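Next come two complexes built around chain A: one with chain B, the other with chain C.
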Partner chain A sequence: MLKKNLLAVFLALFFGLLFTGVVIAQQPTPSDDEVNAIAKQLYCPVCENIPLDVCPTTACAQWRELIRQKLADGWSEQTIKDYFVQQYGARVLGSPPAKGLNWLIYLVPPIAILAGVYVLYHAYRSWKRPSRAEESAPSNSLSDRDANQDEYIKRLENEVRKR
Partner chain B sequence: MVANLGYGSLIIAFLVSIYGAGAAFYGARKNLPSLVDSARNAMLLTFPLLTVTALSIVYLLVNAHYEFPFVDEVISNSMPFYLRITALWGGQAGSLIFWSWLMSAFAAAVTLRKWNRDREFLPWVILVSLVTLAFFLILSIFVENPFVRLWQSPIGNITTSVLQPSGTTLYIPSNGNGMNPLLRHLGMIIHPPMLYLGFVSFVIPYAFAMAALITGRTDDRWIRLTRRWTLVAWLFLSLGLILGARWAYDVLGWGGFWNWDPVETASLMPWLTGTAFLHSVMIQEKRGMLKQWNMVLIILTYDLVIFGTFLTRSGVLSSVHAFAQSAIGPLFFAFIGLTFVASLSLLSRRWNDLRSDAEMTSIYSREGLFLGNNLLFIAVFIFCFWGVIFPVLTEALGIIGQKIPALAGIFNGQKITVGPNFYNSTTVYGFAGLALLMGITPVSAWRNSTAKTVGKSLIIPFALSLLIIPVLLLGGMRSIPAMIGFWICTFTIIVTVNEFWRAARARHRAQKENLLLAFWHLASKNRRRYGGYIIHLGAILMGLGIIGYYFFQTETQGTIPQGGQISLGQYTVTFDSLSVFNTSDNRNVARAVISAYKNGQFVGELYPRRDYYNESQQTVTIPGVRSTLEDDLYIILADWQPLSTTGATFKVYHNPLINWLWIGGFVFIIGMLWAAWPVKELEMVALQNSVPIQKQAG
Partner chain C sequence: MNETSAKPNEKISKPALPRWGRIVAWVGLFALLVVVAMVLLRKQQGPVAIGQVPPAFTLTTFDGQQIGAANMAGKVVLVNFWASWCKPCEQEAADLEAAWRYYQPRGDVLFLGIAWTDTETASLAYIDKFNITYPNGPDLGTTISQAYRTTGVPETYIIDKNGRLAALKLSPYTSLSEIQSAIDPLLTP
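Then we have the complex of A and B:
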């Protein structure tokens, strides 16, 4: 009886392990492209300004293998990126996370450009005020302006005749 | 002996620069023409002196004098003769000397021009040029001296010094490290001199601008005098950028040409402001407007030139701490600050004198559209500048967090990376707007154009250009941003080609010349206008390559055994063999043979390889590329199994249309050469007098 039970336990363990092994073996190894899709978004923590997917150093090859391993363990893309940030700092991210002082990277340029547009608009308005002399000048009349394009070829022909 | 000669020349060049700057200043203030002439001779003399210095360094490099650490760093026994010469700009100390030598060449060229009509500018141009030169010579003499030697004490300690310390003997290593293998490429051999030439030649228009501010001669004379200098500066800077992109594509092995690396972006910034300047000076020439703005732009361009050199030379990009520890960084920083503040204070003194002579009558006039162009260039510049400087700033501001613990959460001093996503997503609108303006501006006239006249001229090109959309849709394209990009390119090409056609046809009718001859004469007699249009065409062709690359690049990677295949789109590549061998120049090369098939048809063999340089212990990845007008198949040998060489990892990229980037680059350069080609002064004057367009309209 004892032998029978031992045999049953052994068989259960054996098939249990076999089944687990099969399940693990069936989990596909993440492809290079899957690894690179994440590595592309990360920067080499050691080299200057080189994305992790193309960095040729041995250290980077190991980091890419780490990504592969984490993917195989079922980690999501975001979790892997968070892990790298936790290990090596925010510099591994290609774009600074929008928090704290980093907001300035996204806010300052548009504000500066809008301020430039505002200044330009006011400058343009001040330039646009025509002087009295010009107001009376016939060249400003609408019909003349419309005729500009038709005059273009004539002017060009006159110009080339002179040469 | 040769080294002493070079070092002596360097010291004398520095002293002559200081003397020339002082004599020019004093001569101008005290109205002593003889002293100004003496300063002029001093400026002229810097060129032969620095030529001796540069040649002596080349001699040391060619003859492998390893007792000089500079030579030791950039030369090795296995390096060929031509690479030993180019090693002059392969290291920090040599590149600074090279910068100074080019600067002295340009300064000498300026000195030799006829100054009769512009005598009052002369001392101030000399002063600005020689102060800039003296600054770089200070760096070479006191911080990065290429003539420093290695000395060994009796107990074996190695020290560096120009002069022999007592009790030491000269230490001569048997071999050097050799130049960084990445720099041993034709593109890299030409790229830095071109970039430096661009940088250096922008000093000349800046010097004239400062002379105009100091003398109060604030008309457009300084702009007319420096028009060709500016074009030449822009030509070299553009050439430098294009060659840099090509080098990255050929050598860096990541399938692209531009990655918004801070060093790349630093060299793009003066190009952006310089291009804005190149356009806005035309408004001043034609309409007497934007005088203040042009001053701002040239000051900005000059300081960005120095800033670009500072970023690459100070170590500030790798770490703020490296910057603080180096002597070169703070010196650069101080020089940029001083020149910027001095220039702006001069500008503020003349601010009222620089008010516009005319008023802008329409935003659709050529000057209005040029203003839009300036706004877009500056917007792109702002994003670039902020993207480069922000990581440095956040790291430096960490000191606040250290001093005030309550603020440590915000000012944590953590280094961040601002990568391509930031730049691509922000600058794309600016570049698209600029491409569109290239299509609109040619049909607008100075002063009088209205929305109606411009619209009338554009309606047919617009309608024709829209035909590209169904063509793209039928071709299977679904990306809306890409379609917008291709539409802008088509529209601008149609307008630009039509401008050539209309003008050539007009001349053909008037002069009874055949169309080709008419076109040739027309383009020859108005080089700036038609050179500009050729440049625009080049830029648009480059745009096609950029759109193809950014929107449609695909890639895959796989590890395959010999005979194995990787597929990517229409392409299949087969790994035929891999050989590993040593070369006579001390490289260990792993070279794969790949057969490429497109839709099952054999299209050729490719040879991606990895070169390992034993001396410098660095690896260079050389891709195997099949290049056509339609696309590039770009294969990198990412890894291999060293024992059996039967399996290897390949990265395969498909880069559609990328060749148009290089073709556009050629067209761009041709346009610049066309525009900058010397024309007799008399001819130029006659040309200007013969185009009184707005007067005729009145």
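Then we have the complex of A and C:
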């Protein structure tokens, strides 16, 4: 009985491995979705500003076919992107690598936004200040006027006394 | 009285940024404008002009051969940018090959084909289709086309024996005689 069970397990493992091997060796043709998942991250220099997945030119069709071929060969997404950069330069990438002058792309927009917020904040404060000054101004001028009047009355009384 | 009324005005006229901050902001803005101006100027320059020394490059051909400045020195060099997907390139392919076969025995003329943004499989099929025998290779990283500031394909640059650009063609050659009329004057002693 034990021998029979062992034989059954052995046969199951053998055919299981055989079947898995066949599946691995087959390397099914990658679907359009799999190809486009990588293609949409790439831009062909021939048709600038159009992602590779929707670009209608022959050049782009060839590139998509190349991605399909590399996927079928078992290449990873990153390896395929690295290959395209090596072949056609970093400008094929939708997100350029953060090095050299490319840093400007990543630094300038946030700095410009922060600078804009800073300027707006200070402009808003400067708009608010004059109104506060205006509010406080009448009270100051009134008290000043009272003080002046007191002084005037005092001088007037002194003059009257002298006479 | 004057002191109290002057204080709010002083606060209003006080700048939002300290002096060093304003200097940094202006220098940053100026540097950014310089970079943008340089990029725009470079884009507007157009291809290498006749009489200029074109940028040096090394071409790695599809069969692994390295062709650099040493191979080009003292020769008339025809550099042709092409692509397998480019229909106008096909118009001139046969004439370029015929011209190469005509000049090759002399030894002082070199033809170089540079496949621009092309896949290797398609490039090799194109070379095979037109039976092209002169050295051809991919424009790896599009460095050569960027150095030459090409605007598309086909584009052909003919460099004289002194290494200066003698002729420039931004469209396909229409006949063998047209290619010969560009090269022959450069071969006379």
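The rule is short, and it goes like this: the second predicted complex is superposed on the first by the 105 of 163 C-alpha atoms of A that agree within 3 Å, B and C clash if a C-alpha of one lies under 4 Å from a C-alpha of the other, contacts with A are read in each partner's own complex, and residues count from 1 in each chain.
The working rule: a residue touches a chain if its C-beta (ideal position, glycine included) is under 8 Å from a C-beta of that chain, and two chains touch if they have at least 3 such contacts.
Quantities reported herein were computed from a predicted structural model and do not represent experimental measurements.
Participant: Is A:89 touching the first partner chain B, the second partner chain C, both, or neither of them?
Facilitator: A:89 sits against chain B and chain C alike.
Participant: Would you mind checking which one, chain B or chain C, touches more residues on chain A?
Facilitator: The partner that reaches more residues of chain A in the superposed model: B.
Participant: Tell me the contact category for A:102 with respect to chain B and chain C: first, second, both or neither.
Facilitator: first
Participant: State whether A:49 touches chain B only (first), chain C only (second), both chains, or neither.
Facilitator: first
Participant: Once the structures are superposed on A, label A:30 by its partner contacts, choosing first (chain B), second (chain C), both or neither.
Facilitator: neither
Participant: Does chain B (first) or chain C (second) touch A:118, or do both, or does neither?
Facilitator: After superposing on A, A:118 lies in contact with chain C but is clear of chain B.
Participant: Where on chain A do the contacts from chain B and from chain C line up?
Facilitator: Touching chain B in the first complex and chain C in the second, residues 89-91, 101, 104, 108, 129-130, 137, 140, 144 of chain A appear in both lists.
Participant: Tell me, which parts of chain B touch chain A in their complex?
Facilitator: 253-255, 259, 261-262, 289, 317-318, 356, 359-361, 363, 368, 371, 375, 378-379, 382-383, 386-387, 390-391, 394, 397, 409-412, 414-422, 426, 443, 445, 448-450, 452-453, 456-457, 502-503, 506-507, 509-511, 521-522, 525, 555-559, 619, 621, 638-639, 649, 651, 690-691, 693-694, 696-698
Participant: Mind pulling up the chain A residues that touch chain B in the complex?
Facilitator: Checking each residue of chain A against chain B gives 31-33, 36, 43, 48-49, 51, 54, 56, 61, 89-96, 100-102, 104-105, 108-109, 112-113, 116-117, 120, 124, 127-131, 134, 137-140, 142, 144-146, 148-149, 151-153, 155-157, 159-163.
Participant: Within their complex, state which residues of chain A touch chain C.
Facilitator: These residues of chain A touch chain C: 44-46, 57-59, 62-63, 65-66, 69, 85-91, 101, 104, 108, 111, 115, 118-119, 122, 126, 129-130, 132-133, 136-137, 140, 144.
Participant: Across the complex, what residues on chain C touch chain A?
Facilitator: It is residues 1, 4-5, 8, 11-12, 16, 25, 28, 32, 35, 83-85, 117-119, 121-122, 138, 140-143, 146 of chain C that touch chain A.
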